[in-house]
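Chain lettering (A, B and C) follows the sequence in which the chains are written, and residue indices restart at 1 in each chain.
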């Protein structure tokens, strides 16, 4: 029997859809040059994708056709040789919109497998976010701000080929660098992309993560009931009405906290979270009223506290807030828990201000999605300047996606 | 005056919220739905039932607000909610209202006014379900509100063009290609205007945009209070299908109104009223923004040329300058008189 | 339940059609919401319902829908709120409602509907074929065929009782042959209201009722983790209907109405000593019975089994009964192009039912009476002759079109 390889690409729905597809297709096309065959597919349950909600693509590669059959007609492989997190905030855990419970980013990784992460954070920060495994695995870091595009406008910052170069480094039995280069030429006809892949092959940083390292928490999970335990008529109970909150300092009751869906919390959708300066809040209600996810608890003192289990990080609250710097969206990597900001502020207002300033200055800043024409071309110029995209050339692009299978084609 | 033969049930008397601070804190559509970041339609759901209150039944036809909101074993609805088929929002609302009426009249259910709201997306409402909605709006004896949340494509299934997709927009059924830049050459249906023009028994038909939340909620309350079959059409910016940073949802709703693309109006007891920013635009107290401001912020229009944008602008100008009722009735003001030939 | 029949409560007789008989059942069942849309031949029931409503004999919401799809969706939702509902259609109208028909059993909606069996388009034809009702046979609809106006009325009451039983909560369609039942009036005994009240409890949707006092979410989207379990619910409900609820309902019906249908699932006619047997559904029973009596005078012992309940299908009982005979002839008033042995639907199902039985007599299928063509006594005699030949060991075609010009 031959050998079967499984690679998963965990990505942000819509924003990285074209990127993930480019990577999983690129793996299959490159493997062909090494005499292997494979398939590329998105996790069916993630489709239809939602903006920001974690999703997965897979490349299954085999040395021969019969071995490949072991990896076919499945929604996802049972284990992976490589898991790729094209957004570092996904390392906190993944709740796809069709799953129940939070799944560690490295859940499918087999012993000795590699987790590849695109990030500007250091290895310790990434390891601290990822859940512990009971065996060692390898972490590979690829320097870069996670690449987010519009669905119809692709930001071609070479993240796709850089990932392919990194794979050739961490698992040469799967792809040789030569095969990656040939596939890039064939698919994209772009020598600069070849160069980017080679650079990332040289630069990818690797270290082993031991069983004692990582987030020790057991993520919340969900047991599927038997048919006899499920209600008839395809019915489920509604969510109970919420109730007033209690101030932990004064025991004063007031405001309102809605009850929330207990089986889908949505926070793993977040790449940024709002931090609130309660001292400058004018209680205009707009963040609370305009939040599509009803994530704001109304406190007894009539402030609005974004519940971090429910907040998906859309940023509308910041956009509608009339007070400058009252609500600021901050890169999710700056946070280690989902604790209430309002409770922290109630306990220690001075300490909260210090915390707030520290968070607001956390780098790099994040943003998501298409904002205006020409934006990506500008952003890529900046990436070239700081050397993340190392083409030494301004021939860089922002492209209307004309065919999902050709996205990025030059 | 209502004909004697038309038997109606009383409705809940829902007063307009007098300002944002008077909006109740309770949520009846809560967290934990699986919509996109910045989903304006999810906001519409939240505001819709916040306005309606707890004694409400909601029926939802297939679409994003079905698939993403209520993935099995989990829900974000506090009020009773039931799925209905893609083209069935009108029928679902009608059947629910009819059952309540029959059961209460026959003493099989406690008498009380219960709001019935059936919602549909643009595919379910303006395409497939138009016939059933039209039928429901002809039944004066049933209290039911149909709310169309229009995100201008079949966004749930993968962003395919609908009868409500604007001219030129990139969808998976209308990709810009090497030969055809513009695949979608249709202009959006004018649903609220069409329904208002054709359904004299409906006492309330209007358009809303959730960027103007209090005005939107008060229109829901008006429609539920006035009774009979009513209809509201909401334009919902869609970060997924329109392709923009989810943070901009609110701003794009405002832009749609301020560029004159989405006129806000309602028809209450046969009286047309422009409201909010649209009223200011109509009275020339505010200037319409160029549609370019709206278009260039969305990836779905990224392939449009300057000429395409000019065409879009010309169509909007035509709506404002030539239509008998701007945004409502696409019949031009200058009437043609068919004079018989002189004998 | 005490025996309710008292002398003061007498059944009245009326000259009504099968459609009208079902409308009378709706009145007796105090149905709450009814939706109508025109298509021949079923719509005669709605014309009569409309009269009952106009005359104040039936207190219900009577809604004229704008299509069959809406017609079935409206009552589906009304039933979810707790209303007893009635609906119906024919031919391509039933097919236009197909999406609604699909979700109705999935949602455990105990709707009762009448199908006035009609040939499917194209070309347009008014006459009876059973393909319309049979199209839903895999979906969780209970399907029952009747052959008289009396049976139509009685079966409609039984249908409500079975469908609305909490152990079942599945819709039930009463199939009536177009023209022969829908448009032909005969004397029907109409039971007094008290008997019906004793037989048919109020519809109680319980914890599945959509109401602000019971805030549930109904039919959220599922993925592959859930649907098998939900399908299993319906599978179990259908089995409970067959094994427990239908037999219970017929026993109570007999006790209260003093009218027996024998085996609820199928009627046996002159089968006790029969050498060969014919099987069919609906009004073709009439020419078959006439032919059997003729042939018996000639010494040919032919019996007849009229299948009532096609869903749930009484496979074990039917197989046991049919395996007694020397040959079985199924008369299919339907087609299933390209089906095994190019047989009709009923023959294919009966063949499947017989598979686990040790003694499997030869089974011949006769496609007959399509598009409303009469099934005639000579047709039935020809079928019977083939059965005797098969019994004697002379090979016969497995499927024969009887009554087609050739």
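Quick note on the criterion: a residue touches a chain if its C-beta (ideal position, glycine included) is under 8 Å from a C-beta of that chain, and two chains touch if they have at least 3 such contacts.
For clarity, every value in this text was computed on a predicted model and none was experimentally measured.
More contacting C-beta pairs link the chains of A-B than the other of the two pairs A-B and A-C. When chain centres are taken as C-alpha averages, the shortest distance to the whole-protein C-alpha average belongs to B. Chain B and chain C have CA centres that are 43 Å apart.
Measuring from the averaged C-alpha position of chain A to that of chain B gives a distance of 33 Å.
Inter-chain spacing, taken between the CA centroids of chain A and chain C, is 55 Å. Annotation for chain C: residues 215-220, 222-223, 226 touch two or more other chains. Each of the following residues of chain A touches two or more other chains: 98, 100, 234, 236, 238.
Contact of a single residue of chain B with at least two other chains is seen at positions 54, 67, 71-75, 77-81.
Interface residues of chain A, counted against chain B in their complex, comprise 13-14, 47-53, 97-98, 100, 150-153, 234, 236, 238-242, 255-256, 258-266, 269, 284-286, 289-295, 298, 307, 309-310, 312-316, 318-320, 329, 367-373, 400-403.
Contacts from chain C toward chain A in the complex involve residues 106-108, 169, 207-208, 215-220, 222-226, 228-230, 232-233, 237. Of all residues in chain B, those touching chain C in their complex are 54-57, 59, 66-67, 69-75, 77-85, 87-88, 90-96, 98-103, 105-106, 108-109, 114, 131-132, 134-135, 139. Residues 20-21, 23, 25-40, 42-43, 46-47, 54, 67-68, 71-81, 155-159, 170, 175-178, 210, 213, 239-240, 243-251, 296-300, 302-303 of chain B are the ones touching chain A in the complex. Considering their complex, residues 30, 32-33, 35, 59-61, 63, 65-67, 69-70, 73-83, 85, 99-100, 103, 202, 210-212, 214-223, 226 of chain C touch chain B.
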